[in-house]
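Two complexes follow with chain A in common, the first pairing it with chain B and the second with chain C.
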Partner chain A sequence: MTKKKSIFTQEVIVGIIVIALYFIFRGISADFGKYTTFLTLTDISYYYVLMAIGVAFPLITGGVDLSIGTGLICYALAGGYLIRAFSWPTGLAILVSILFGVAIGLANGVLVSIMGLPPFLATLCTCMITRGLGSVVTGSFAVPWPTAKQDNGWFHAIFKMTIVTADGKMKFPLGLVWIILLMLVMQFVLAHTRFGRYTIAIGSNKEAAILSGINVKFYHVMVYAVSGLFAGLASIAYAAYVPTVQPGTGAGMELDAIGGAIVGGVSASGGYGTIYGTVLGAYVIMLLKQGLPYIGLNANMQQIITGFVLIGAVVIDIIKRRAIR
Partner chain B sequence: MGDVNLNKADDVILTMKGIDKSFPGVHALDHVDLELRRGEVHALMGENGAGKSTLMKVLTGIYTKDSGSIWYEGREVEFHNTHEAQEAGIVIVHQELNMVGDLTVAQNIFIGREFKKGIMIDDKKMIRESRKLFDELKIDIDPKAKMSDLTVGKQQMCEIAKAISHKAKVIIFDEPSAALTEKEIEDLFSIIRDLRAQNLGIIYISHRMDEIKVITDRVTVMRDGAYVGTLITDQCTKEDIINMMVGRVIYEDPKTKSAVPADAPVVLKVEHLNAGKMVQDVSFELHKGEILGFSGLMGAGRTETARALFGADPKQSGDIYINGEKVEINSPEDAVKHGIGYLSEDRKRFGIVVQKSITENSTLATLDQYMSGMFINKAEERKITERYIDELSTKTPGPDQLVVNLSGGNQQKVVIAKWLVRNCDILIFDEPTRGIDVGAKNEIYKLMNRLAAEGKSIIMISSEMTEILRMSDRIVIMCEGRKTGEIRIEEATQEAIMDKATRDIK
Partner chain C sequence: MKKNVLAVLMCAAMAGSLIAAPVFAENLSDTTAGIAQFEGLTANEAYDFQIVVKSFQSTYWQAALQGMDQAKEELGVTYTAQGPASESDIADQVNMLNSCINSTPAGVGLAACDTASVLESLQSAVDKGVPIVAFDTGIADAPEGSVVCTVVTDNSAAGSVAADKIYEAIKDKLGNGPVRVGEVNQDNYALNIQQRGLGFINRLIELAAADGFTVAMEGNEFYVNAAEGAVDGDADIILEVRVPAQTTVDLCSTEAATILDKEDTVAIFGSNQTAAEGLLAADANREVLGDTIIGVGFDAGTSIKAAVEDGTFLGAVTQSPLMMGYYCIYALTAAANGQELIDVPTDGYWYDASNMTDENIAPNLYD
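After this line comes the complex of A and B, so read on.
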């Protein structure tokens, strides 16, 4: 038996779906086709995609990270609070937000890998903790990060740059460039580094990895640290998108990210996945979420459709696995 | 046990005649006969893989026979699942207990056939009935106790009570004493005697010679899936039984002389290794270029010894010396660093990552050698994989092939490649040819001999007597967690090994 390589991998199909969805929505709704809508869509997409890239790693090990949604809010609150209450420079606050994410990720990793908690449970606990922690830090007040027009609001330009053209000023979604770069880097990490190889090995056959003399405990912790790191990065993208960060929110956002990764071909039972698939899958979920209202379907319909899309993705995964065994 | 009338043929409750069963590539049962009478305890003996369990699975409807007939209470029967067998009164008490730890004793006994009161489960009635059962068996267990709070022995009693509650007429005990203490075994025996007095037919599978002598009336011996013969226990000796168990002709050439010089350096020395019940005070030496066979019956503690040595399971005590130097091995990582490779008996679970390529599997233990800076050097990785595909003559279209698409023998070669790439000098082969067809088996044997000749030292755990005699330079024999003997190949015979592998009559 030889391996048959079809060019129609799940990743390619999902890529086609993303493009198709975009043009279908454009075709139906004139508003959807506007450049400002495009800008809003990209703004919203960043934090979802970042979360999805991060959570792909625990998913590939056969685990999950439920703490990224509430975590993201918590880290954004912490950073924003440092700027507002203590006049910290924005750069330092951003660093704190990101490191906060890494710390919670490490905690998840220790709970799962060293203490042996099921990933679902461990990250559900940190999900609750970060949700409460965010409110405690700010004394339950909402925190606005500096706006783009304020001096210390320069970080908005990371995601949306203003460029001067012949006919005046124009906004360019620079964040897309970063997303593509991060996607390539993390795909490279997954496919070409020891960390990536071991992430997949843990998801495919953890026992075999242990018996091969791999320090599985260490790498398993790092997997969750990566997820936390990307939740930290997502918190900055979120802060750039919303006018104020509200304590107590964020629950459920992780599900869209996880759903995106799975739509993008990450195996729900671990052992397989790609980062470009994950990013494309996240865009499918994001487009459904943001685009369906433009064609007259309300939020409830969007939830139902997303649910069915997910079932479809998981069924495809199961059929694929059956073919392998 | 002379109180059974062995001549009364009309007392026969169960006859299995000419039972034949094949699995792809294996002739598991070759026209096997078995006769069981009412009021008899009938031992079923044989080496690992002799076909005892398969025969019992055919009887209880887990497997369907290819040919042959089963007569039960005077008529021909065929059960399609364990439920049908249970309904007819044939139940099996498994070695691994099938109990739900978090439920109570009574709930476990009546699981799947709970008494009901309206739509509610009638717990009180189940407790009453359980108590009745326990009284009948003269055992003292609280039906309201949580199953997981009981000792293994008590859990086994519950299994028996459950069997009897099915109105059993034939009870099969599959190595019931393996996990029991001496006292618990005595209790078990007194229950078995009671059941016999009530005219039940009992099949007793065990490796323990002393128990066979104490509790059984007749012994049926199987070997390599075939029926060898039936003896009356009182009229035979341990030697008689062993001769029947091992008396096979060995077609493959057994090693007659070790090629390893007596003064070959000791590469691995294990002293007083203790790891739980299955590894008690095990000591041995492994010489350079030697194949050291580990023989013993199922549950002798050989795999456990290997896993403890490799750091895969925790050990309580024991010293390990490699090339004369004392080393600490607390994890597989440590073991691999010291040049030990372990090839698990369960390849799919512990050896390979089936959905990944040969390349990824080959370098799984050595990835740090194939890094350029932070990145995996895929060209180098491929090169070394191709080299070992070539050297081990692994049959595959290429290094990118997924391991799942390879045959058992070629999968084993991938695991061997993993450790050779790592340059391991000590290789532990745990059942190296399990699930591998005959042709590929020979290839693996040749490969092992070549590795030994090249100076690798090999520990080979095997349950196949022919494999042990064909491959080993020296043989360590274990029984119930202890090393019971060590024989050089020049002195080794099947009888001598089996004698040490079975527990002695006390």
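After this line comes the complex of A and C, so read on.
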């Protein structure tokens, strides 16, 4: 007799929490319910959610990628600098930012998989390197990307488009469509492709994966490359939101992304996770970040509450694992 | 070629500062006396100085270093600049400062992230005979003999100019029920931000009181408690001060958004480049600045200049980081020569779409 699977998986619960949080904040603060607040929430969420999707892969292998926060800033600085200092076309600069992310991801993968460094240590090193590298690339100076009103600022339209309606102009968070599409694609990759299955296999039982003939080293490197790729994509979303990219920042952003993935049900010790859970978890963190100031809690309180939410998510993960045993 | 352009800009800035008085000159000490002490200055040796900035986070510091480069070439001295990764990294900056002092250079130029945290280091500078020039941010309780010269904008005056402009623009809306004025300060621990923030707050309270209106404070406890003359409860102006957990644009934007979304908000002030850019990021979705809400920024940078130019911001107050950097090196050289120094207050200017190209303003509007 097979045990009937509960429909209340962590992903479903997190989905309910996202909806509940949104309406709780709306209920307490009428301003939070405004469409413009929703737009800002989506703007800020893009880079965190993209980072979370990417970092879910190393997390599922039982690793982690701490370089995505400072990496994001580094890639955005590099791309912006090419536009500002060398008049590069925006499209080419975006490509460089993304490829820069992939390169750092590959470096992480080599350090972890080939050289055998613990993921925490390897990516902590590249976290420091990218933090410094961003400053070196731009001569330590802040870099503004083109604004939406400038000719070469077309990339803003990737994330937000203006629709002319009968009542006037309206902004549509187009980035949300890309996030949903990427979520579906990466969930498919994780659940239905060889790469995804091997990612889970590495996290569940690496020795068994090696013994069954899987080229673990190669797939492990690729896992980190995916994380780097998404950090590269996130750097473009970040550049589209902030007027100036500041070197030296970014440290701590990775924790919000990792926290989102864990809240969304990615196992803190590897072997399990879903991308839709990750995205929903990232939105829990985003809602807390955006909603708590609206109900009058200062930024320090926001961090304390986010910390407690993370503890809750990890405790649920531990309880689930014990139940499986 | 680039250096020639810079030299021309520097000359224009200096000439401009003598010809056209800055908007809030009446609140400043006499800038000319501070500058006159460097007349005919030459370096007795090819000194090597250490400079510790708050960070390289904003283009503001780029302008300060440009000024330093100009001065170093004129005087035949050298300097090495360093700074922590962000203006929140107070401990990192203290470590850097300690290493600089331990290497006993000819002098150290310091823009302190947190003025209280550097006091011990400054005492060790006195013990080792290393002169310190404080620039950008003054150090109120510096040990005797440590800071030989302070090169700063009168931040309190700079903040009060923003209050003058905002009050003038919202005056007509007062008396018909409470209105809200917002202020986003990137922190509540750096002396220059504190002075600027409080300069704005206290001036607004003073202007309102002169017309028989009252101001009540809301938000960050430091600024609420330090405000002078605010009332509790009902008032004509609610002055809400927001401070993010870290000095980043996106966190400033979230704080700004909460103010912009309130129905009774009529004006908002971002008290440095990071905070002002936070206002612009929050406004990107709302498009209320320059329309229903008066926005005033601080410092320059590409996006703030564009916002002033297109009317999103009523205007902004710019300091002269170029001049601050320039005179920091001059003060360090004079101190290394053994000269007694007086402080050098540098100019700050109100700028809006109408005067951005003026000869005394334009050189200070860095990208």
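We take it that the second predicted complex is superposed on the first by the 323 of 325 C-alpha atoms of A that agree within 3 Å, B and C clash if a C-alpha of one lies under 4 Å from a C-alpha of the other, contacts with A are read in each partner's own complex, and residues count from 1 in each chain.
Please note the rule applied: contacts are C-beta pairs under 8 Å (C-beta built on N, C-alpha and C of every residue); 3 or more make two chains touch, one makes a residue touch a chain.
Just so it is clear, the model here is predicted, and its values are computed rather than measured.
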Ask   = Which partner does A:T9 contact after superposing on A: first (chain B), second (chain C), both, neither?
value = neither
Ask   = After superposition on the shared chain, which partner residues are touched by A:T162: those of chain B (first), chain C (second), both, or neither?
value = neither
Ask   = Which partner, chain B or chain C, touches the larger number of chain A residues?
value = C
Query = Can A:A208 be said to touch chain B (first), chain C (second), both, or neither?
reply = first
Ask   = Which partner does A:S269 contact after superposing on A: first (chain B), second (chain C), both, neither?
value = neither
Inquiry  = Tell me the contact category for A:I200 with respect to chain B and chain C: first, second, both or neither.
reply    = first
Message = A:V242 in the overlay: touching chain B, chain C, both, or neither? Say first, second, both or neither.
response = second
Ask   = Residues of chain A touching chain B in their complex?
value = 1-3, 188, 192-194, 197-198, 200-201, 204-205, 207-215, 271-272, 324-325
Ask   = What part of chain A is in contact with chain C in the complex they form?
value = 31-32, 34, 36-37, 39-40, 43-44, 131, 135, 140-142, 144, 147-149, 160, 171, 241-244, 246-249, 251-252, 289-290, 293-294, 298-300, 302-303
Inquiry  = Give the list of chain B residues in touch with chain A in this complex.
reply    = 310, 312, 331-333, 335-337, 342, 344, 349-356, 360, 364-365, 367-368, 371, 374-376, 378, 397, 400-402, 404-405, 418, 422
Chain A contact footprint on chain C (complex, rising order) = 55-59, 61-62, 83-86, 89, 220, 242-246, 248-251, 253-255, 257-258, 261-262, 273-274, 277, 280-282, 284-286, 301-304, 306, 310, 367
